[in-house]
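Heads up, the next two complexes both have chain A, just with different partners, chain B and then chain C.
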Partner chain A sequence: MIGLLASVLDGILVGSVYGLAAMGITLIWGVMDVVNLTHGAMIVAGMFGVYLLVGATGVSAYAALPAVLAAGLLAGVALYWIAIHRMIGQPPLMSLLATFSVNLVLIGLGTAVWGTVLFNVPASLPGFRLGRYTFPGTHLMAAALTAVIAGALYLFLYRTRLGKAVRAVAANREAAELVGIPTTRILALACGLGVALACVSGALISTLFPFTVLSGDSYQLKSFVVTVLGGLGNPTGALVAGVALGLFEGLATPFMPVSWTLVIEFVLFVVVLIAFPGGLLSVRLWRRARAR
Partner chain B sequence: MIVRRPFFWIIGLAILVFAAAPLGKDVELRESLLLAAVYITLASNLNLMLGYAGYVNFGSIVFFGLGGYFCVYCMGSLGWGLGPSLLVGGVSVSLLSLLFGLGILRLRGVHFALATIGVNEAVMAFVTNFQPWGGSTGIYLSTGLFQPLGGPAQALWTIYYLLVAVMGLSLYLSYFVKSSKFGVGLLAIGQNEDAAAVLGVPAPRYKALAYSASALLPAIAGGLYFFKGAFIQPADAFDLTLSTEAIVITMLGGQGTIFGPALGAYLYEELRGWLLTSPTFSNFQLVVAGVLLLLIVQFAPGGLMGMFYRRWPRLKRFLE
Partner chain C sequence: MKKLCIASTIALCLAAPGFASAADTITIGMTVSQTGPLNVDSVAQLKGSEFWRDEVNAKGGIKVGHKHYKVRFVTYDDQSVGGRVQQLYTRLIVQDKAQFLFGPYSSGLTATAAVISEQYGRIMLVGGGAEAKTYQLGNKYLFQCITPADYYLTGAIQALKEKDPHAKVAFVYSDDPFSKAVVAAARKQAVEAGFSVALDESYAPSTTDFSPIINKIISSGADAFMGGGHYPDGATLARQLYDQKAGMKYVAILVAPDSPKFTTLGPAALGITVPSQWEPQVKYKPDFGPTPEGFSKAYFAKNKVEADYHSASGYVTGLLLQHAIEKAGSIDPEKVAAELNKTDVTTFFGEDKFATDAKNHGLQLTHQMVLAQWQTKNGKLEKEMVWPDAARTANLVYPLHED
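This part shows the complex of A and B:
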C-alpha cells in the first residue's frame, strides 16, 4: 500500500514538470491560435542546453537553468519572426506546417550532430525518506522549481503591465491594438515565453531521466494530452492536468509495463478531445455548470 | 466524359513510362523508380486529406506500416499468397481507419491534426508491445516465399510492376475523386467547413470517407514494400521521416492538384539521391526537407503547380 502511495506521490512530482511543458503550448495557443509543433524539439533543446553547459563549465544542472530560460526566450522570439509571423490569421493548416518544418530542421540538426544515443545529465541531491521508500532529491527539486516558475509566470501575467498586455491580446487582438498595445511585439513575446517554458521543462526533465535527440516526440505528445485535458489556452488548467497525468502514470506503473502507458495516454487524449472539446478542467465549463 | 479529358491519358502515359523505362533489366533505375512510385502513392493519397479537405494528416505513415504488418503477418504466419495478403492488408487498414475516422470525425482543424500525430505514436507503441507481430524485433519472412513468384530476381520485378500499378491507381483515385460530387464536397470543406455544412455537405462523413479512402492504397504499397524487404519492424514501418516526406512532396508539387504530388515526388526523389551521395549533405536530409517546407509554406503556399498556373494559365486546360 505504501509502495503505491510512494509511486503516486512520485508521479505527481514528475507530472508537475509535464504541466510546466504544457503551459508553453497552451500559452502560445491561447495568445495566437497557433499550435507550436516545435515544442518537442524545444524540450530537447533545453535538455541539450543543460548537457552542454554542465559539460563545458562544470556548474550544477540547476545553475544552468537561467541561461536555458533566457536562450529559450530568444529562440522563441526568433521562431515567431522566422515561421509564425506570416501565418497569423491564415488557416490552421499553414501555421501547423510552418512550425512543423522548423521542428524538422531542429531534429535533423540534432540527429546529425548527436545521433540517437542516450545522454545523461549528472544531478544528484539527497533524497527524502518515507519509511522504506526514498523520493529522489532531483524529483523534489524539479517539482519545487516548477512551482517557482509557474508562480513567476502567474505574477508576470496578472501583476505586470506587460503581462496584462499579453492577456489582452489573447482576449481580443483588435481591441488590444485599438487601445495602443503593440500586438505584433506582444505575439513575439508570448511565443518566446512559450518556447522558454518548453526549454526549461526540458532542462528539468534532463535531470530526471536519460534522453535522446528524439525524446521530444513522446514529451510533446504528453504535452498535448495535458493541454487538452486542461483546456487549450488555459495555463492553470495545464498545470493541474499535468499533475493529474503524473498521478495516473504513478498509479499505472505498478500494474502495467511502462511501454503501454503511451497507448493509454493517447486513447485518453482522443476520448477527451471528443467528449470534452473545451478540456476537462476548462474554466468556462465550470462557470457554465455554476450558472445552471 | 472523364475519359475524353487529356489528363486521363497523361496519367496512363506516366504509368507506361514507369513500367517500360527499366526495360526489364536496369535494376538501378528500377530501384530509384520504385522509391518514386512509393512517394507518389503516399503523396497523392495524403493529398486527398491535405489538398482537398484542408486537413493535415501527420501520421499518414500508419497506413503504410500497418498495411505492411498485415501483409507480412498473413504471408509469414498464416501462409497465404501475396495477392490475398495484400488485399486483406489494404481492406483491413482502410476499415480500421474508417472506424477511427468516424471516432474523430467530430474533431476539426487543429484538434484533428493533433489526433493524427498521436495516432502514429500510439499505433507504434501498440505494435511494439504486440507479441503476435513480433513486438519490437518484428517479423522476418523466409526467402522461400519468393519461390511462387519465380525466384527472388523475378519476384522483385513483379513487386515493382505491382507498385507501379498501385501508383497509377492512386493517381486515378485522386482524379476520380476530384471530378466527383464527393471531391467537390471535400474541396468545399477545405474552403470553409461551416459554409459547406450549411449548403448540405455532410462534412463529418466526407472527412471520414476521405480519411479511409486515403488509407487503402498506401496500405497495399506498404505490403509490397515490406514483402520486398522480407522484414518488418516497428521503427521502419512507422518511420515518421516517410510521412514527413509525403507532406513536403505534396506541398512542393502543389496541394490540391493531381499532377503536383507526382511532380513533387519525382523532384524530391532526385534531390534525395543527390543529397545522399553528397558528402556534406548526406546527414542533413531532414534539415533540407524542413527548410524546403518552410520556404514553400511562407512564400509559395500553392507549390510548383501554383507558380506554373500563375505563369501559364493555359496549363489548367490539360493538367489537373
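This part shows the complex of A and C:
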C-alpha cells in the first residue's frame, strides 16, 4: 500500500513538471494557432542553460532559473520573428514546417557542439522517507517551483494589462487590433512566454534526470499528449492534465509492466482526441453548458 | 610538338604514382552513428578503427604477398536509424566499391547491415553488434569480434554469487534487441546460479523517468539490480537509484558505466559495476599487434581521451581483418573469409575465434568479458577490475548498502 502511495505521489510530482512544459506549447497554440515543434529543443536549451550557468558560476541550479527564464523569453521572441511571424494566417503546415526546420537546426548544432554525451546537473536536496521509499528533495522542489511559475503565469494573464492583451489576441485578433492592441508585438510576447516556459521546465527537469542533446524528443511527445488531454490552448488544462498523467503513471505502474503504461497513455490520447477534441477539461464545460 | 611531348611525359610521370596508389588501396566501408542516440559509443568505435587505419598506413599498409595496400575508409552517418543503414551499406558496396565492411554500432543496426553484406558477399567484421541471433541465420561473411550478448552479464552473476549465493535480483532493461538478448540469457544463468528473480521488466528505450520502476524494484524486495540498455537510460537509472535511495547491495548496468563520462554522475556512479568487453588494465599477451598497455597509451596520445571498450573493439576489427588478409596473401573475399574462419588468436583485446559451423557461422566463441566497478581511489572515481581473478585490480565492493 505504501508502495502504491509512493508511486502515486512521485507521479504527481513529476507530472506537474510535464504540465509546466505543456503549458508552453499550449500557450503558443492558443494565442497564434501554431504548433511549436521547437518545443523539445527549447526544453533541452533550458537544460543546457542551467548546466552551463552552474558550471561557469558555481551557483545552485535553482539560482540559475531566472536567467534561463529570461533567456528563454528572448529566444522565443527571436523565434517568432525568425520563423513564425510570416507564417501567421498561413495554412498550419507552413508554421509546422518552419518550426520543425528550426528544431532540426538547433538539434544539429547541439549535436555538433556537445555530441549526444550525457550531462548531469549536480542538484541534491534533502527529501523524506515513507517506509522504504524515498522522495528526493529535488522532485519536491521541482513541483513547488512549478506551482509558483504556473501561479505567476495565471496572475500575469488575468491580473495585468499585458496579460489581458495576450488573452484578447487569443480570443479575437482582429477585435483586439481594433481596440488598439499591438497584436504583432503581443504574438511575439506570447511566443516568448511559451518558449520561456519550455526552457524553465527543461531547467527543472535537468535537476531531476541526466540529459543529452536528444532528450527533448521524449518531453515534446509527452507535452503533446498532455496538451491534448488538457485541451489545446488551455494552460490551466495543461497543468491539470500533466498532474493527471503523472497520477495515472503512478497508479498504473505497480499493477502492470511499465512498458504498457506508454501504450495506455497513447490509447487514452487517441480516445480523448476522438471523444473530447477540446480536451478533458472541456467535458466539465460541456456538462455545464448542458445544465443551463 | 617537342614541348607537347615533354609536357605529356612530365604529366604521365606525375600521374603514375597516383594510379599506382589508387590500385594499391583497400577500401573499407562502414556507417557510423554520428548523430542520434548511438552517437557516443559509435563514434568511439570509429575512432578505434581510424587509429588502426592510421597505424597501418604509417607502417606502409597491409602486406599482401610482395605488395603493400594502404587502407582507405568510406564512412557515412547512419543517424542511428536502421533504414539508413540498409541504404548506406548498399551504397558502400555498389557505388563506393568497398571491398570489406565494418559493422555499424548496436545489435539492431548490425542485423540490418548483415542482410546487405551477405546479399553482396562482402566480409563484414562486427565490433558493436552483440546479439547472437544475427549470427545464427546461416551467414557466411559475417564475423563477430566481441563477446555475444548471451554472456554479457555472466561475470556480474559469478561475482555476485561469490558474495551472496541466494541474492534476489531485479532485471530491468531496455526493450531493444541487445538488452533483451542479454537479459534473456542472464535470467537463465541467474536461476542456475541459485538466485531468485524478484522483478523482470522491460521499459521503452525512450523512458526518461525511472521513478515508478524504481519504486517497483523497492517493492519487489530485490537486493541486486541488473539491466539497463544503452547510454542515456543506463546513466539515468544509476542517478535515480541513488536519488531514491533504492538500497541495492549490488548494481550491474550495461554499457553506460563503461564511459569515462559516467563520472559526471558523481556519487551516483560509486559502486556501479559494468560488464566490459575490454579495459585498459587487462593483461593479455598478444600473438600480434599492440599490448593492452601499448594500445591504451598510444590511443590516448593520439586522441587525448582514454580508450574504452568501444574504441578497442573498433581497433580489433581492423587488426583481425589485417591478420586474415596477410595470412591469405590475397584480398580475394573467399580466401580472406577462409583465413578468418581459421582465426584462433589472442590480441590486446583478448582471445578471438569464430564459429565455423553453418548454424552459428561467425559467432564469437572465445572472447571473454571483464567486470569493472566504479570505486574511489585517492578521493577520485576510478574504474577497477573486479572479475575475473586474472584481471582483478581491486576487490568487489559489496554490499553497497547494508540492510
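Following the convention adopted for this analysis, the second predicted complex is superposed on the first by the 270 of 292 C-alpha atoms of A that agree within 3 Å, B and C clash if a C-alpha of one lies under 4 Å from a C-alpha of the other, contacts with A are read in each partner's own complex, and residues count from 1 in each chain.
Throughout what follows, contacts are C-beta pairs under 8 Å (C-beta built on N, C-alpha and C of every residue); 3 or more make two chains touch, one makes a residue touch a chain.
Note that the coordinates shown come from a computational prediction; the quantities given were computed from them, not determined experimentally.
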Combined model on chain A: chain C and chain B, fit or clash: clash
Contacts of A:A56 with chain B and chain C, given as first, second, both or neither: neither
First (chain B), second (chain C), both or neither touched by A:V105: first
Which of chain B and chain C A:L273 touches, first, second, both or neither: first
First, second, both or neither for A:F224, with chain B first and chain C second: first
First (chain B), second (chain C), both or neither touched by A:L96: first
Chain B versus chain C as contact partner of A:L118, first or second or both or neither: second
Contacts of A:V179 with chain B and chain C, given as first, second, both or neither: neither
Residue range of chain B overlapping chain C upon superposition on chain A, of 134-142, 170-178, 206-214 or 260-268: 134-142
Where chain A meets both chain C and chain B, residue numbers: 108, 111, 217-218, 221, 257, 259, 262
List of chain A residues in touch with chain C within their complex: 3, 6-7, 10-11, 14, 108, 111, 115-120, 122, 124, 129, 132-134, 136, 138-139, 205, 208-212, 214-215, 217-219, 221, 249-250, 253-254, 257-259, 261-262
Of chain A, residues touching chain B in the complex: 35, 37, 82-83, 86-87, 91-94, 96-98, 100-109, 111-112, 217-218, 220-221, 224-225, 228, 257, 259-260, 262-263, 266-267, 269-270, 273-274, 277
Of all residues in chain C, those that touch chain A in their complex: 35-40, 43, 175, 201-204, 206-209, 211-213, 215-216, 218-219, 231-232, 235-236, 239-240, 243-245, 247, 256, 259, 261, 264-266
Touching residues (chain side chain B, partner chain A) in the complex: 50, 54-56, 58, 103-104, 106-107, 109-111, 113-115, 117-119, 121-122, 125-126, 128-129, 240, 244, 247, 251, 283-294, 297-298, 301
